[in-house]
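Below are two complexes that have subunit A in common, paired first with subunit B and then with subunit C.
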Partner chain A sequence: MTNRPAKVRRRPSGPARPSLVALPILLMIVAGCDGPQSALSGAGREATDVSRLFWVMLVGGAAVWIVVMGTAIFAVLQPPRGARVGNAFIIGGGVVFPVVVLAALLAYGLSMLPDWAQSGTRLKVHVTGEQWWWRVAYELPDGTLVRDANEIHLPAGEPVEFVLTADEVIHSFWIPAIGGKMDMIPGRTNRLVLTAEKPGTYRGVCAEYCGTSHALMAFSAIVHERDAFDAWLAGQAKPAVVADSVGARRGRDQFIAAGCGGCHMMRGVVELGDVGPDLTHVGSRRTLGSGILPNDRETLEAWVRNPDHLKPDVAMPGYAMLPDADIAAIATFLEGAK
Partner chain B sequence: MSTDKGQVERATGEGTDLWRLITAPTIWAVHFLVCYVGAAIYCEKAGRASALLPVTWFVAATTAVALLGLGLVFLSLWRVRGFSVVGGDLNYLGNTPEERHRFLSHVSMMLCVLSAIGVVFVAMPAFMLGTCR
Partner chain C sequence: MSIRLRHLLYLSLGAAGAVVAVLWLGLIQISASSGHWGVTDWVLHSVMRQSVKFHAPAKEPPPLDDPALVRRGAGHYESGCAACHGSPARPRGAVVMQMTPHPPDLADRIDDWRPAELFWIVKHGVKFTGMPAWPTQARDDEVWAMVAFLQAMPEMNARDYRQLAFGPEEGEGDAADLSTSVRPAEADCIRCHGTDGLGEANGAFPRLDIQPEPVLYAALKAYADGHRASGIMQSAASGLVEADLRELAAFYTKVVPLAGASVAADTVDGDLLARGEAIATHGIPRRDVAACDGCHGAEAAARQPDFPRIAGQYPGYLRNQLALFADEEVERGGGRFKDLMTLSAHTLEPDEIEAVALWYASREPLGYRRGEEAGAVRPEE
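Coming up: the complex of A and B.
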């Protein structure tokens, strides 16, 4: 017997029509263009501008491509007509048309550059990029700061000024659905004015590589109607709530005893350190670990036990050595800190 | 003899032309630096909120000088072009000083056009922005 294949039959390999495969793939990609982190969903004035700019650029670029390629193909297919006609095509289609279109696009893009005049009345939100979380403070008209972390709340329909900087390395602040992005640079203050338009919950990210857990550095941006925003901010300005239960009070004592306060500010409970995110109202956050995990009991406990497991190289030690009951109590306490 | 009699007759010049080749892009680069460095220094001294009008005039003047320079280079090359690609007698295979001269002159001339477009694009923001912000 020979071990050579007797007959090589041609199997129809792969799907017959590429278009049939391309369509669902295209639909999947296009479906990804919507959602809480899409720059094309237009939930903010600046994002709407950017997406309009994107479409204008796309059309302009396509026009240049079509005319240049069209001229080239036309030239190949036509019989020679002499240098004069040829030059007219090369200069017209290859030089003049692209230059005019690009100049128009440049002018259009430049005309969209915002001219951010300082304004004393605008809500100011200070955001500092840390490895790998966000330090946030809302500046009230009287100059007092209401501190928070890892979440941004905005009133709808009003320009808000973000005052951006960073602690050790460069980060970039971006809420694609609302606008941005803007780099956060240590020792420098960058300003970004955004106007959120539609109430809702959006997703922001760090858009500049900043170390191991850069990809795990996100946040929720919650846009409220003005009244709801004021109510939220007033609540945020208050000290931490300790739920009225034995477990929560025990958790508070454990939180203090374990030394969490050496890094975490918890207004009204411990006000010592300021290395990590403010936890005063951590129970009311939508996410944990700066936008990457659901804020529920199980995750809270897992985070306190071993945060490095959830976020590599995190600057918080694990507390797996604490008895389970203590960790559970701390979780109860933090969950209640709305 | 590497050049025959015909070559000598249609001679348009000689030399390596490398200086002429980089003149136009150099003007573009210098214009870019002068505009941006000038604007940066002005805005640093005057403050973020100040009007950009002096910069606009400065950039306009720099641009005029740059375009004038590019125009002069262009004119000097245009004469060669009269004999070059459109002359109908270009010897595409000729590896001769004359052919190199024509080819490089033609390239330099196109670089002039490109540089002029670049200079205009560089100058545009100065005319469209109102303040240092």
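Coming up: the complex of A and C.
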């Protein structure tokens, strides 16, 4: 060994190394604990509960771990002291203490189960998981549905009931900052009540693997003050706005002429198929492609031309057969459909 | 022992060398004029018969007495087969009789074969005989139409045949009459599709009167380029140059669409029609089936001349084309939007295809002008 030149030199390892590697990782983890998709930021009552439950569980779990491990180490290090003392340690530290702490944690956790008795009067939002987007409908008090897609709007400070199901495969509905998550299962309706508290824009995701573009299935959750929410909902209930310009009107005609209406509802423009997302007010959404890209001209055109490039295996066919001018006109029209 | 074996080896090597020499020196007679030896003829024919019998499909043929099938087969027999096999309206010519083997007069041969055997011969052709295969292997429905016609042909006289192969209007006169009033390429269309584009209203051929010019052009172009499978239309379109395709596409656009559905709604089961309407107007959202009206409805048709119009089309044609679009093995070419149709059709079940075909067949065509005479030619505008 000593005669051979050390061609392959092993990286020296020492006690300093792991901490150097761990530091940035730790920083990244800590950085992930804030922002629009953080379960610890507490923007909703349920998320706050979950967050508190997390800390309580952490403390309780840590106490059990310390006591049990402490007892074990104590037993190893100390000379024997007789069966009575030993039994007291085993029963006290190993059985009684964990049982009491865990029972308390269980009771605390169970006490947080939602109270279904007060169901009925609150706002209902129907959300259906599709591959890979969200079909959304707000149920008004008179039972009519206001349809939307890929965005959730909520009034601050009020419990909202989500009526969740799925189209073909299982998805999971999760707005970490507000609460959740809940599985969306084809042929079954799950209910989830959330109360958003702080107005703002948050990010929701699909939390159950659902196919090729599962990771590209997100949405914006926007929490408004009550008045702003009502105004927003009233706007959504109206038919599509066709901007008052030659370009937008030409775009509307191209939208119909390309057969887009076979799959997309656009109330007031074309009301036929209902396969893909409702586009009535697509221009007012923050994102395109279900929370993956900014809603701007460039993305709109790229999406119409070749959506599969942006979201692999998406059901929508590409419209690259259309001349650029037609795609631009359609983008102008969609952009203006606020 | 070993010496004898060695002799046998020399002998067989010598014989093989002699055979190669005979073939290589060009001594074999291949002239058609000399015909086959009796024994060659017997062997070749026996092998052919046994092979056809062995390979003929076991599946059940469609109802072969359907007049629409016979009519469809007749139109193509005249352009594709009669030149060699003759027809009730004309005997085989002197030239084809000099082929070896010469093509048989089919009238007295049809009964020798089962329908499935005829199907196999028409679809695949026969090596070493000059009998070609069907121009595409993807259209069994057309091959069956030809079989239906072949089975009916022995009973036909010249007049019956002419009516089927040239259309009822020209059946009385001579085929040559057509070329005096219209251009030759148009005459070939008119034999099957008629001057009014209705194709005689028995569903043998699709309605062309309802289509905008770009749709007809795209269809002809796809046939001519081999992207849309049809033995009948590929043979009709493949010999045409670009100018012909443009001219022919314009020909039927001059015809005013005839008012009236191809199927009376009250003759169709109401539930089936309602199902067809639901698919046409709303699709099947849960299974990603688009609403057909998104492209084929009045709103889209008014803005997009590239979408085929299907309201008022014959149900059999719609059914067949949907099945072709749904078949992932076959390229169904067409205009620039054809891929949208492939996507829409491939999840449809047969009963849904039936419902939606009947729904559109029971609708008034788009763009017809009520009060104008059927098939009237539009004045030049």
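The rule is short, and it goes like this: the second predicted complex is superposed on the first by the 310 of 338 C-alpha atoms of A that agree within 3 Å, B and C clash if a C-alpha of one lies under 4 Å from a C-alpha of the other, contacts with A are read in each partner's own complex, and residues count from 1 in each chain.
Note that a residue touches a chain if its C-beta (ideal position, glycine included) is under 8 Å from a C-beta of that chain, and two chains touch if they have at least 3 such contacts.
Quantities reported herein were computed from a predicted structural model and do not represent experimental measurements.
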Inset, instruction - Kindly classify A:99 by the partners it touches after superposition: subunit B alone (first), subunit C alone (second), both, or neither? - result: first
Legend entry - Partner chain in contact with A:36 - subunit B first, subunit C second, else both or neither: neither
Inset, instruction - Check the residue A:273 against both partner chains and state whether it touches subunit B (first), subunit C (second), both, or neither. - result: second
Inset, instruction - Return first, second, both or neither, reflecting whether A:211 touches subunit B, subunit C, both chains, or no partner chain. - result: neither
Inset, instruction - Mind telling me which of the two, subunit B or subunit C, contacts the most residues of subunit A? - result: C
Inset, instruction - Could you look at A:61 and tell me whether it touches subunit B, subunit C, both or neither (first, second, both, neither)? - result: neither
Legend entry - subunit B versus subunit C as contact partner of A:199, first or second or both or neither: neither
Inset, instruction - Considering only the touch criterion stated at the top, classify A:256 as touching first (subunit B), second (subunit C), both, or neither. - result: second
Legend entry - Partner chain in contact with A:317 - subunit B first, subunit C second, else both or neither: second
Legend entry - subunit C contact footprint on subunit A (complex, rising order): 167, 253-254, 256-263, 270, 272-275, 315, 317, 321
Inset, instruction - Would you mind writing out the residues of subunit A in touch with subunit B in their complex? - result: 83, 87, 95, 99, 102-103, 106-107, 110-111, 113, 115-118
Legend entry - Residue ranges of subunit B touching subunit A (in the complex, touch as defined): 49, 86, 88, 113, 117, 120-121, 124-125, 128-131, 133
Legend entry - subunit A-touching residues of subunit C, taken from the complex the two chains share: 281-283, 285-286, 288-295, 297, 299-300, 303-304, 307, 336-337, 339-340, 343-344
